[in-house]
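Notes follow once the structure below has been shown.
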Amino acid sequence: MLTAVFTAALALLLLGAGGAVLRQNTLVYGGSAAACAVAFLAALLWLLGGGEPERLVLPVGLPWLPVQLRLDALSAFFLLLVDGLGLLASIYALGYGRHEEEPQRVLPFYPAFLAGMNFALLADDAFSFLVAWEFMSLASWLLVLASHRQPETRRAAYIYLVMAAFGTAALILAFGVLAGPEGGYAFEQMRQRPDAFWPATLIAFLALVGAGSKAGLAPLHVWLPLAHPAAPSHVSALMSGAMTKVALYAIIRILFDLLDSVVWWWGLVFLLVGGGSALLGVLFATVQRDLKTLLASSTIENLGVVIAAVGLAIAFKANGLPLLGAVALVAGLFHALNHAVFKGLLFLGAGAVLVATGTRDLERLGGLIHRMPYTALAFLVGCAAIAAIPPLNGFASEWLLFQSVIEGAVLPQWSLQFAVPVVGALLALSAALALAAFVRAFGIAFLGRPRAAETAAAREVEATMRVPMGLLAALAVLIGLVPGLALRVIGPVIEALFGTAAISAAAGRFLWLAPPGRLDVAYSGFGLFAAGAVLLVLTVAVVKRASRTAPRRSAPWDCGFPDPHPATQYSAAGFAQPIRRVFADSVFRAVERVDMPAPGEQRPARLELRFDDRAWTLIYAPITRAVGTVTERLNVLQFLTIRRNLSLMFGALVLLLAIIAVLR
Amino acid sequence: MSAVHFVLLAPLLGSIALALVPYRRAAALGNVAVSAATLASSLSLFVVEPYRGTLLFVDDFNIYLVVLTAFVAFTTSLFSSSYIAHEVETGRLTPNELRFYHAMYQAFVLTLLLALVANNLGLMWVAVEGATLTTALMVGLYRTHEAIEAAWKYFILCGVGIALALFGTILMYLAAQPVMGAGLAAMAWTELLGPVAQMDPTILNLAFVFLLIGYGTKVGLAPLHAWLPDAHAEGPTPISAVLSGLLLNVALYAVLRFKMLLASNEGVIAPGPLMISMGLSSLLLGSVMLYRRRDIKRMFAYSSIEHMGIITFAFGMGGAFANFAGLLHMTMHSLTKSAIFFAVGHIAQVKGTQKIADISGLTASHPALGWGLVLGVVAIAGLPPLGIFMSEFLVLTSTMARQPLLAIPLVLGLLLGFGALILRLQSVAFGPPSGRTGPVTASLLPLYAHLVLVLIAGLYLPPPLVAWFQTVARLLG
Amino acid sequence: MTLSESTIYDVTHLLDGTVLLLSFALLYQRRLFGVLSAFALQSLVLALAAAWQAFANDAPHLYITAGIALFFKTIIIPLALHRIVVNLGIHREVETALGIGATLIVGASLAALAIVLVLPVTAASVALTRENLALSLSVVLLGLLMMITRRNAVTQVVGFMSLENGLLLAAVGVRGMPFVVEISAAFAVMVAFIIFGVFFFQIRERFDTLDVSYVERFRGERH
Amino acid sequence: MSWLFQLLQAALVLAAAPLLTGFVRVLKARLLGRRGPPLLQPYRDLLRLLRKDPVIADNASWLFRSAPYLGFALIWLGACLVPTFTSRMGLGATADFIALMGILAAARFVTTLAGLDVGTAFGGIGSSRDIMIGALAEPAVLMVIFTISLLTHTTSLPLISEFMQTGAVGLRVSLALALIALVMVAIAENARIPVDNPATHLELTMVHEAMVLEYSGRHLALIDATAMLKLVLYVSLIAAIFVPFGMATGAGSAGAIALGLATWVGKLAAGGALLAVFETSIAKMRVFRVSEFLGGALLLGLLATLYLYVTRAL
């Protein structure tokens, strides 16, 4: 199976090289789809079949450590995510790619990006992992630069790559500590090396910072809402849906596999970071006016949720409660899986909107449900799933996570006892706000009346783009109704990491979700769906029997003052106003300025709206300023006279001489 | 006559011959031919017995540097022929200057090779001095205000540096003479290695400080670096390529030889911390200075300072991994940086400017050059799967494992440099194209040959190279 | 005739000490011609020191070194620089970046540093006496000091050559130093002068001055 | 047996919903010194609306037409999940308290989208405000769930009722805080004064009524019925958690069931009476005060959880 995945990844690399030369849309995307399908099936079969991890050693890499590849449950699970989404995104791209302005800037890098993610998941030594990891960043950076002519895209790409380099540096350092002075770079050596307390803590936090920056955790998230939307939509889907999962994989791999134990207060930090990111991300999602930026912001939220689950798992595991830890991690992985499904779906949907209307600006969209019924339905399912609406998949994982949070009461440390409910509140608030964000996204973009001419002229997209959306929507429903399907593939991961068969019992009951040992507390998406369906049918039957007349169509009532102009509709900014007001000062520093013309003036009144990311103003802007100041000050060195340069040399000489005079 | 002599003889005769050839095309071809001959004879070093004479020698350390030098000199001569053709067409160089240029090019290669294979401290010093003289003349080749100023600065700073290095060399002999007696043996690398243990550590310390400052000036270590950016920016681009790609390596090679010597003496102050601090200061300074650059060649010159800092830091750290990384980084940097200068040279010619602000959208207007530059900068910035990533990975991990506090300035410097390079790369290579968009007559072969080698090395190092590196890494301690 | 070790030492020490003294004299000069004269005198003493070593240690090749120092550094170079100053109408005062008094104090500290540095050396382990090592080290450092505290190009050149004098002082003092070093040192001085000459020529051609700060207006990046 | 109870409950909540709303209206009118409408007026209203021709805006989509049915079915489903007269229900193991909140969120999802469908200013204003209220109310309820489930060690509503009925929990500060928080949420969710006014039209401060402004005929009937059902749901929910006394547990004899039914009706009446009294004694607040009101509920919920730890630690 490993060989199959490896071959697929290698084929992707070759496709990338071929893409640079051939520039054949169908070939590159078709080939990518095929390779992803192979890798997906191989990973799936491996997970279902179980068995020992497979290994492969390649004759490349560090001279004394050839590249080690390994397929175990954890990598297989994440391969499933990456390649599943990769498969669908590639099919989608068969249609989407034809609308690309400069396809030669996408074709070579798209398969390379997929290959990077695959190799990162397969790598079993630090060097090859980091090569694949950073290769993935590199390829995605170039994909972001596909529309390089827009200055804001270049800015996004720049911030992205610098943050990626920062993250990689942190990971390199983490692996440096893990490997030790003898350079045991193979993961197998790291697993066997005992880690003392402080080095282990260092590793954990470097991993959190390093992989967290890729996952978009606050306050390292600033690049994400810029870079993810700037890429072509199928790439955005992969960046948000798959690449963030690779980051998650790195965190889990390091914390639960390479380190031999965890410390409870790491969990506290993870919980707070996760909860904070969740709230921050979703708040940004509620106010964005760019559809893809909105989706990207929501990625921050979802990864925050997953990291909070990981934090809980750490806290439980450190306190000797592996069973509860396993449940928390299941919740996290389940949510990660779900996020891949619905965020992939939503980005593909946004891409379809972009293709059909040429804009991602919510204030120019509207009424697309009439013109793009298929996309609208799929997007609606995605919105409902991400807003944690039962019985869809998003709710199932949130439900499990909340159960885990409630179990947090058994944790002995008072700080955790306080933090867990607080984080629970943050997560609850995020879930509720996600509902707001996605009602707004769907309501403004797809409902109401078109706000611009190009939106009014939109047409449904081609079948190659519709089918992947449909499949993802079906998947969101299916996993929601039968969560056991997801648990079936998560189970082996948990068994490998926690050494317990804890969730096999739960996984056995395909239609029910329940914490282990608590079969009384259960949730069944299917049951609810069935009951709801019965009630719905009953309602419809009764009402239709009582009232047979067909509805009459007329102009909207609108309290007697209907105005056909689309500008009279509620705008995206207006819809977000209540939430913006509530959270304005604390999070956004939103500034609303109304430019009201004096009575008698003819010009229209204008509302100007600005909001900043506090992380940017508090952290990144000062750093940028500091770099600016330092570089400006030191730039004097370029303009020194020869004599002054000689003085520097003289100073260095005398200093060194003085040092050896003192030390001798 | 051994293969070593052929390696030196080829550029020597070539230099004389090229000084006499008045024809432009023939001279450029001759330059390539001589460089090819040098490369061929350097490759023959692999097959013959290691040579070990009183004045010249070949060992595991210098053999690969010799081959690298000959190789880069060869590819640069290829680049040079198309570059110079353009310069002559646009009238920036006269036929006489051209003759001078080609003769000096070969003389420069000769001094570099001589410095590498010299078994004698004095001879090596003479060779490095010769390299300074030849390049100073070539830096001033264009006779513009800036070029002359750069050459003047180069000459004064390196002159002082080389004088200090000579003082260090004399001190070395002072220490060696009482132990080994008078004569050539007391200045031969091969002979010194054993007896150094009995020499007076105080003198050795003193000698090393002078050598570090002296040769360090040529390496471009901060704060001794001031000559480097201007010399790179104002001279002909092929010279920038060999300055960054070769001369810095050779100077560093000299420092390392002395470090190797000192490693066998118990009493000396460890040279490591000195090299670490100079390496870090170069790294940080180089990175910071990258931000405000307006001239593209000067920017990459600062990037050379940055990388020399990393390499010096790695050797200062010592240990199997860091030394290995340092050697690898030296090789990769010289291939990558010269490739970048190949690209930059043609870019400056086609756009008619070296100002960063006036160049943009290269990948759109000149895809081959533009993507070549992207690849080169991506490599130099330390992104995988290119070679520099491997060495930076090794340096960072081993530093973190042994001296976590040192990892902080190291990472800071790397990230600062990364940020600046990518910032400029994006503005140059992407965005709407600017300026002239006409076709370019560039020889892309040397550029892509280097990049392919760097790419391969990032994933796979041939075992003989690894064996050399490991032997040398052990010797470096 | 054989000389006692102490005689050799005393004379060597005396000559080397004079060279150092003349280094201080170089720093002390306020007028350009004074600098040139002091440099000529220093080179003369260096030549004497080299000749003395040749005589005392029976090392005839050092006479060549002495000759080079006498011929070039004592006569030719000072004369040439004198002409340049006259012909180009260079300001005859020494333009200082650091006051003369302060320079001398720094110079004295450098000499002290040199002594501190060589103090731990055991007499037997070095081919040169500690004192002579300290003296030549001081001369090197003072030459460098001169280069950085004087603005005028001529004084900088003199500073550089004074630095080289320090090198030679160390080189000739060592017994049995292979020829390579002497030749190359002398060679370096020669080449240095030639190159300097080339530069002076170009600089005069372009800038009509020898003041280095004029050259430095074109430090690049300020177009 | 449990499925029989479940069916019975589904029918009962449906039947009781208009009655409770009518009761509150009558009581409010009496408190204000008016005669008020007849108790059964809501039934008549619903029937009348059902018989009317529905009018739909030209550009309304399928979502607009299906939303009333979906919303009604969802709230009905939610009402079926709350233990009323017995804790033994067929759907008891299908959904817990958290899932109940999910169902309510789903209903909100559908209705707020429907409010945006026609593209009128009123629909947007209503949806936007309703969403804000929901965004703050849901986490408050979740905090209440945390508190309750920490006390009762379960999130299953029937089990919570059974546990609370035993009285083992006793009186606690946390419970009081949770109760207040849940009541505040219930007021907001049911669009009652002071958050919203179910009786007004054409006021810029209104929320729910603005959202459903475009509906008429049977659709409006369904929406009104949904609101009535929701009131029953919340009163039953508060009763089931905080005053589950009288509710039948276990297999349940006929007598126990009868007692359960009787107490449930009593609880609904008491809840309705309290609501009427409360509504007549308080003024409607500005829309943006609502966030403070619900933020207060959220904080109370959080405090309830934290107090629990404090008291447990003591």
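When the chains are written out, they are named A, B, C and D in that same order, and each has its own residue count from 1.
By definition in this document, contacts are C-beta pairs under 8 Å (C-beta built on N, C-alpha and C of every residue); 3 or more make two chains touch, one makes a residue touch a chain.
Just so it is clear, the model here is predicted, and its values are computed rather than measured.
When chain pairs are compared by contacting C-beta pairs, A-D ranks highest. If each chain is reduced to the centroid of its CA atoms, subunit B and subunit D end up 77 Å from each other. Subunit A and subunit B have centres, each the mean of its CA atoms, that are 43 Å apart. A separation of 35 Å divides the Cα centre of subunit A from that of subunit D.
Each chain gets a centre from the mean of its Cα atoms; for subunit B and subunit C, those two points are 31 Å apart. With touch defined as above, residues shared between interfaces to two or more other chains in subunit A number as follows: 638, 640, 642, 646, 649, 653, 657, 660, 664.
Looking at subunit C, one finds that residues 117, 120, 144, 147, 156, 212, 215-216, 219-221 touch two or more other chains.
Among the residues of subunit B, those in touch with two or more other chains are 152, 156, 160, 164, 202, 206, 229. The full set of touching chain pairs reads A-B, A-C, A-D, B-C.
Note for the complex: subunit A touches subunit C at residues 638-644, 646-647, 649-650, 653-654, 657-658, 660-661, 664. Of all the residues in subunit C, the ones that touch subunit B in their complex are 117-118, 120-122, 124-128, 133, 137, 140, 144, 147, 156, 160, 163-164, 166-167, 170-171, 174-178, 180-181, 184-185, 187-188, 191-192, 195, 199, 202-203, 206, 212, 215-216, 218-221, 223.
Touching subunit A in their complex are the following residues of subunit B: 152-153, 156-157, 160-161, 164, 202, 205-206, 209-210, 212-213, 217, 223-224, 226-227, 229, 269, 274, 278, 285, 288-289, 291-292, 319-321, 361, 363-364, 378, 381-385, 389-390, 392-394, 396-402, 404, 407, 411, 414-416, 418-419, 422-423, 426-427, 430-432, 458-461, 463, 466. In the complex of the two chains, the subunit A residues touching subunit B come out as 59-64, 126-127, 130-132, 134-135, 137-138, 145, 148-149, 151, 154, 157-158, 161-162, 165-166, 169, 172-173, 175-177, 179-181, 183, 185, 202, 627-628, 630-632, 634-635, 637-638, 640, 642, 645-646, 648-649, 651-653, 656-657, 659-660, 663-664. Contact residues of subunit B toward subunit C in the complex are 120, 122-123, 125-126, 129, 133, 136, 140, 143, 145-146, 148-152, 155-156, 159-160, 162-164, 166-167, 169-171, 173-175, 177-179, 181-184, 186-187, 199-200, 202-203, 206, 229-230, 233-234, 293-295, 298.
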